[in-house]
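One structure, pasted below without further comment.
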Amino acid sequence: MLKDDPLVLPSFLRDTTNSDSALKKFLNGLSGVDTVGVEERVAKLGTRSIKTTAKAEGIDLAIRMIDLTTLEGMDTKGKVKSLCAKAKRPDPLDSTVPSVAAVCVYSDLVGIAKENLIGTNIKVAAVATGFPSGRISLAAKLQDTADAVSQGADEIDMVIDRGAFHEGRFLDIYDQIQSIKRACQAAHLKVILETGELKTYDNVKKASWIAMLAGADFIKTSTGKVQPAATLPVTLVMLQAIRDFEIATHRRIGMKPAGGIKTTKDAMKYLVLIKETLGDNWMNPNMFRFGASSLLNDLLMQRQKMKNGAYSGSDYVTVD
Amino acid sequence: MVFEYAPAPESTKVVNLKTNYELFIDGKFVKSKNGSTYKTINPATEEVLAEIVEASSEDIDYAVNSARKAFKSWSKLTGAERGKYLYRIARLIQERSRELAVLESMNNGKPIRESRDIDIPLVAAHFFHYAGWADKLDYVGLGKNPQPLGVAGQIIPWNFPLLMLSWKIAPALAAGNTVVLKPAETTPLTALLFAEICQQAELPDGVVNIVTGAGETGRFLVEHPEIDKVAFTGSTEVGRLIAQAVAGTDKKVTLELGGKAANIVFDDAAIDQAVEGVINGIFFNQGHVCCAGSRLLLQESISDEFLNLLYERMKTLRLGDPLDKNTDIGAINSAAQLAKIHTLTQAGKSEGAQMWSAPCEIPEKGFWFAPTVFTNVTLSHQIAREEIFGPVLSVLTFRTPDEAIEKANNTPFGLSAGIWTEKGSRILEVAHRLRAGVIWANTFNKFDPTSPFGGYKESGYGREGGRQGLEAYLKASK
Amino acid sequence: MSNIDVKRTAKLFIGGAFPRSESGRTYEIFDNNQSFLANVALASRKDARDAVVAARSAFSKWSEATAYNRAQVLYRVSELMQGRREQFVEELNLCSKSNKHAENEVDEAINLMVWFAGWADKIAMVTGSSNPVAGPFFDFSIPEPTGVVAAIAPDKSPLLGLVETIASIVVSGNSVVVIASETQPLPAISLAEVLATSDVPGGVVNILTGSYKEIAPWLASHQDVNAIDLSGVESKAIALELEKEAAINLKRVLRPNTKIDGLARIKTFLETKTVWHPRGF
């Protein structure tokens, strides 16, 4: 009965989370990541030339994968409302443009977003657990999560405790993610690793595994508040961890790079990366998301260019 | 299928092909005295690109004499002046890089991604590097005021036509030699375009002479009595003939010959980068690489896991039109080479090795071979010993580092090798004990003008690249 | 009472031992006055083959020895040569132009051995390089010994030429099979005794006496020999044949009459190994 419960691991992996030392041993046993090799691979994939039909398909797919995001201290109901309008119909002049995957807001604005998205398939994602630093107590994180869920959040984007990671308290991170996962109830859990603070690809790989073992539905690169945010090589390392996890558990984890993805060209590179690393099973909004805001407008301008043959300008897309 | 890449062909408009090409001797394109002609083709389409001269011994005589005449003044120029010509050439190559890349891919069959991102940038880099050496020869390591050798006869292969030209011509000219270079029979076009670049650079007449032709033309060049230096890159078989031909003469020789490199993957390797390195090691340039990692030595404890990842990765390799910017695997350079690959893979099958090929659609026209892996290979199999020079990987396993080294060294070749492990001391020990001239640790198939390249044992002698590469074109002052 | 000298049997030096030729053959050598001096072992092709086997098996350890160790071992050879100075002079005198000439040759040979010994731990510094490649890699080139080297020592310089040949080859870690001066092999036999009692591991230096015309072709065509030093060969015709034979496995060849100084000589029997490694966290 628990077969599909994400919290239950296959027996050979279950032991790895029995103790701090077992988990550490397991993570240290993962094969290393060679920095130059990863970056070379990404650079090579970056030369893929995406033209005509592929580009048209890629643009619409990328739009459908966007978690349209606003995460500012000055966010208001009005801001969220207009964001939702844009999420539903990104290009007011062109009804063939698909809607985005989700709207992503702070937890206190979930209700507003839900209200404004009634009757659509667009999800509401909430950042929770003391976003972006995560430097609050577990009790507060659980409360934060419960608040968002009770307001109807479909997805929770949590942050891991990077301090704990650098202290080597991997099991604490694992336990926290599990606790949050329970608090999510039916909501999907995206675990933000904040790779810009993990610094090395080896760390990114370890953190990916901790999150996946603990029951993450998605792993996500960044909060967007720390530089560097999402990068292609970091994403490749996470995609390969996802692939390894699938081989080990037959469970598919989603991926969300977030922050710093601004142009259509960037987005196409990410699509190339997923296609050639994980394949078609991940080429949909259920398995891959872009955490972005300004990306959408560039996709829309490129889409207009493809349709009209003339380059578009920023006055022809909405600023919301 | 989702997000299928649409065709993205590089335009051929940048290339202006002539219907027929003459020889480049004494600064001019000249008619052959009595040589015959042959047609050079695009191996991806089998279309004829141009008609090429097969230079006769009289033509070679003319070319060598022109080089001899030019040597008198070229070797007397100051190094600084010679250097400026080489800098000009480097810049002209950069300026015409797209044209050169497209032409290289058309004549050779290699993917435009490689000719554009690897071959041609390295060509420019070689000329740039050696340009700066021309006035610093006192620091090469042969004492003060080392002297050029004279006229160099240079014969290059078809796998990296222009890159091999640059490896030969740049150090030779920097040192004050003049050259007669013969490009490979099947890939003469970029060398002939390079001749135009020499004209644009106003390089003095006769300093560079380009003579086209096949093996016979090469033999005339090697055996010409007025040649002081022979530089050859190609098969060990021909290398042996050259070594015999120059015996008893004063001709200096450097030979870059075949290889059967081991790419050794230990159980603690960064596995995804190792998979990528193995792919790059054997499928780069369709495996038409003398230093290709054609023998994968895999630690037994990870062999299944590794091979599964390798097969999955191979399924994403895109074989097809070399001019398509998304092509990973281009055309095999010639019908003859394709036949050789077929013969050797057939031998692999009949010797009991297991063959797996990536599921690629093979174009109707042209010469193609899908990326292929042989497992259950032992050291006694032909495919583990002979250079296939194609996209074919032979997989062997090992249990201990000693066994890996023993198997890696168990070949008459010694050009290159790869090591994949995250343990630093192991890298240094294995690198130390491998009998090969270039060791790539946690990387593969890297080239740089500052980095000496060349083999041990039957992979040849002498080095190309760096300070060591210049020594091959100089002698100590008397 | 008169004392009768105990005469030395002139044997080969292979793998640290002093065997007779497996063929049982010897040849007579004479001094300047055409007086009989000794019956010297006339090495056969099988002796040459055995010497290559010994050289190959000694190679891995010798090439793995630290450069400091090789330097000390070669210096030790010069010490023992010094101890036998009078013996070398006497042997050279038998065929030499003058006593002065013989003394000079011995002193020079000893000095040359000291000079080469000092190179052992400097070769890599002088010939190696760190290569500034255009990318995130650490890339360096180091010299390594070629392997087993066959050599024909000059006939006319039976000690000095022999020492130059041997020292320049083994100082970098190669092992050598050398054919000594055919007409004046006695200094070579004495040098073998020096080598045997110094700390040179058996097989690193193997000395054959006899006819190079007979043995050298077997060494030139031997597939387990990596390089051949023909600088001592006087006959152009033979050198040509040997160089052609050497092409069978692409041996590195030092041609006859090559004017070449010490370090250049050492470099002839070196390979350059280039190692790349990425830099990254």
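Each chain carries a letter (A, B and C) given by its place in the written order, and its residues are counted from 1.
Note that in this section a contact is a pair of C-beta atoms (placed from the backbone, for glycine too) under 8 Å apart; a residue touches a chain by one contact, two chains touch by 3 or more.
These figures come from a predicted structure and were not determined experimentally.
**Q** Can you check which chain pair, A-B or A-C, has more C-beta pairs in contact?
**A** A-B
**Q** Of all chains present, which has the mean Cα position farthest from that of chain A?
**A** Farthest from chain A by mean C-alpha position: C.
**Q** Could you put a whole-Å number on the gap between the CA centroids of chain B and chain C?
**A** Once rounded, the distance between the two centres reads 36 Å.
**Q** Which integer distance in Å separates the CA centroid of chain A from that of chain B?
**A** 44
**Q** Let me have the rounded angstrom distance from the C-alpha centre of chain A over to the C-alpha centre of chain C, please.
**A** Spacing between the chain centres: roughly 69 Å.
**Q** Out of chain A, which residues touch more than one other chain, so two or more?
**A** Residues 34, 36-37 of chain A touch two or more partner chains.
**Q** Which chain B residues touch at least two other chains?
**A** In chain B, the residues touching two or more other chains are 442-443.
**Q** Where in chain C do residues touch at least two different other chains?
**A** In chain C, residues 135, 137, 278 touch at least two other chains, as defined above.
**Q** Taking the touch rule as given, give the residues of chain B at its contact with chain C in the complex, in rising order.
**A** Against chain C, the touching part of chain B is residues 125, 141-142, 236, 239-241, 243-244, 247-248, 250, 255, 257, 412, 427, 431, 435-443, 446, 448, 450-454, 456-461, 463, 466-468, 476.
**Q** Within their complex, state which residues of chain A touch chain B.
**A** 31-34, 36-38, 40-41, 44, 47-55, 57-58, 61, 240, 271, 275-276, 280, 283-284
**Q** Which positions of chain B touch chain A when the two form their complex?
**A** 1-8, 113, 117, 268-273, 276-277, 316, 325-326, 422, 442-443
**Q** Touching chain B in the complex: which residues of chain C?
**A** Touching chain B from chain C are residues 126-127, 129, 131-135, 137, 139, 141, 146-147, 223, 226, 236, 239-240, 243-244, 246-250, 252-253, 255, 261, 264, 271-278.
**Q** In their shared complex, at which residues does chain A touch chain C?
**A** Result: residues 34-37, 39, 199-202 of chain A touch chain C.
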